[in-house]
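Both of the next two complexes hold chain A, though its partner changes from chain B to chain C.
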Partner chain A sequence: MVKTFFRKFFKKFNPFNKKANLKVGLYGPPNGGKSTLANRICMDWLGEEMSSVSHISHETREIKIKEQVTIKNKKGKELMFSLVDTPGIATKIDYEEFLKKGIKRTEAKKRAKEATKGVIDAIKWLDNMDFVVVVLDATKDPYSQVNITIIGNLQARNIPVLIAANKVDLNKASIDAIKAAFPQYEVVGISAKYGKNVEDFYDNLFKLVN
Partner chain B sequence: MVTFQFVPYQDIEALTSAKRINKLLNIVKGDRIVIMEGRLRKEEEADLIEITMEEIGSKFRGIELSVIYPDKTKLDAMQKLRSMFTNMILGDRQGLTIIGPASIVKRIEKDPDKIELFTKDNVNSPRYRGKRKNK
Partner chain C sequence: MPHQCVRCSTLYPDGAQEILKGCQCGARLFFYIKKKHIEEGKELINNLSVEDKKQIETDIAEIMTIKEEDLDKPVILDIEAIRVLQPGKYELDLVHLFKKDPLIIKLEEGKYMIDLGQLFAKGKEGMDNEEED
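Here is the complex of A and B:
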């Protein structure tokens, strides 16, 4: 707690800490669509992808950073930040789940080991974030303890949060359920895969940072 | 058979965060489901996940975690004040924390005042072993 206080204090009063060094983190449980959203942002504004995506959970097992991402709002105002794609936070990792998805035993064990390290890194990196987009799968129960723990920790660290309710292209998706679970935060429904409502997402990102 | 172990708040009250987490994880690693009075601090919940990840191996696959906590937005001003004073004097004993080993607890669903705990098939039961042999 003391460490967090001093970090925030020096960050706030550091004259060299310019707005250009803003870090926007993508956090959430596995398979919520963080990497798909990272790719969407990078494709829209840089013309290149950032991360690989897969239907098998824990595809992203290490922190990925894309520096100097510049986005523009409707008024032409620019916002530059470093985009940080993080591994999905989970409370359990079972290599046998990977076996069921057709991954070979040795590779599954390696993947599980890397995934545990990825979760640890994602939690450690919370302290480095200036703003966080929590990416939730809108087809799933928002009351999972992982979601609550992530958002609770961001709240405790006073990090501004925007919730992206992803996968709204699917019939089961419910933005209202996410809004009801986290009424204190702005929730924007998107489909990172198909680009649905991403303009709204960018507008909300601008509001969050400014 | 599933074993639940109750952890009263007074058992963890004086412990440091690290010792609290170790105590809870040791119970879970002994294949028991913790029912703890009160809740961990938000940072402690993140530490619990972090330490769980460090300990995952061939025998320990992680945890399922759920917390039931009263919705304080529904309290009136007097109730909020009373709750604040009680917490200051006695600690935050409100709510319940459930932590189970992932090898036993499949998932915990919260709705948000009701908890449903789904367990996996008992791999040690003769019935289950029989099924495995037949395959």
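Here is the complex of A and C:
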């Protein structure tokens, strides 16, 4: 415990440790928009996409890392980090859900298997994260078992968290519902798909890291 | 705590020779279940076809990243954490997963070689080393 604390402490404050080693993880349930946000960040600052995106859940089934992402705030201050896009965390993965979306049986079972592995991997990686952005679909009820478990665990591990209430371009979206559910964390409403309010998101990311 | 063979559904108590050597039917994958869930476990396995059982053995090896050279060694999956209802249908207990309780208990040379916590530590060391490189 003490060893871990000191290791984390020195990792954070060691002047020889480049800031590029900071890892910002995108976590959340499937189809919340983690990969869309990862792509938005990468397009905005690197001019290239990072992950493939689909309306079918569990599109991201492996951890993806984009190193040396540098963003700037309005004052011209730079922040460099590695962006980690993770598979969606779920309590139930059923290949029949994929069949309904037109995926063939063999492929659907494979997808379910990979998605299950993805959940385990995402959880394994949590300890390597310096900061986490929890990406939630603002059109959905925030009080889900997945959301509560993820956020509860982040809090228990003292990992700084920013909540991105995504899909605010949709009428049903409610940022207030997410704020009410998780008042302990900063919540920023965004549309990763259309880039709405991303400036505010970047400002909050700066605040989180500094 | 009983161990149930995924292929033939036979139950073995802790420390049974069959768990160390593999089941009489030749299978090496066991579900680790609480006593109160024995009936449920039996039903789960009885509902699976022979092909499904083989598929589950292969899938679990892949999900848990079990190395090829370890495939002939017995593997016990904690079904309180990951329940495989049939190939392609999984139920995950996130509280278990986040707690880093062992998901897989590998048996080697008569010893229990546990656990996911170790795997976490190894994975983390590996990642740290990569960073240093």
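Just so it is clear, the second predicted complex is superposed on the first by the 192 of 210 C-alpha atoms of A that agree within 3 Å, B and C clash if a C-alpha of one lies under 4 Å from a C-alpha of the other, contacts with A are read in each partner's own complex, and residues count from 1 in each chain.
Throughout what follows, contacts are C-beta pairs under 8 Å (C-beta built on N, C-alpha and C of every residue); 3 or more make two chains touch, one makes a residue touch a chain.
Just so it is clear, the model here is predicted, and its values are computed rather than measured.
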| item | value |
| --- | --- |
| Side-by-side fit of chain B and chain C on chain A, or clash | clash |
| First (chain B), second (chain C), both or neither touched by A:155 | first |
| Which superposed partner A:43 touches (first chain B, second chain C, both, neither) | neither |
| Which superposed partner A:145 touches (first chain B, second chain C, both, neither) | both |
| A:108 touches, of chain B and chain C: first, second, both or neither? | second |
| First, second, both or neither for A:127, with chain B first and chain C second | second |
| Touching partner for A:170 - first (chain B), second (chain C), both, neither | neither |
| Chain B collision site on chain C, chosen from 9-17, 45-53, 63-71 or 81-89, when both complexes are overlaid on chain A | 81-89 |
| Overlap of the chain B and chain C footprints on chain A, listed as residue numbers | 89-94, 112, 116-117, 119-120, 123-124, 126, 145-146, 149, 153 |
| Contact footprint of chain A on chain B as seen in their complex | 41-43, 45-46, 49-50, 52-54, 56, 61-67, 102, 108-112 |
| Chain B-facing residues of chain A, complex | 1, 89-94, 112, 116-117, 119-120, 123-124, 126, 141, 143-146, 148-149, 152-153, 155-156, 181 |
| In the complex, chain A residues that touch chain C | 21, 89-96, 108-109, 112-113, 116-117, 119-120, 123-124, 126-128, 145-146, 149-150, 153 |
| Chain C residues within the chain A interface of the complex | 55, 59, 62-65, 82, 87-95, 97-98, 103, 119-120, 123-124, 127, 131 |
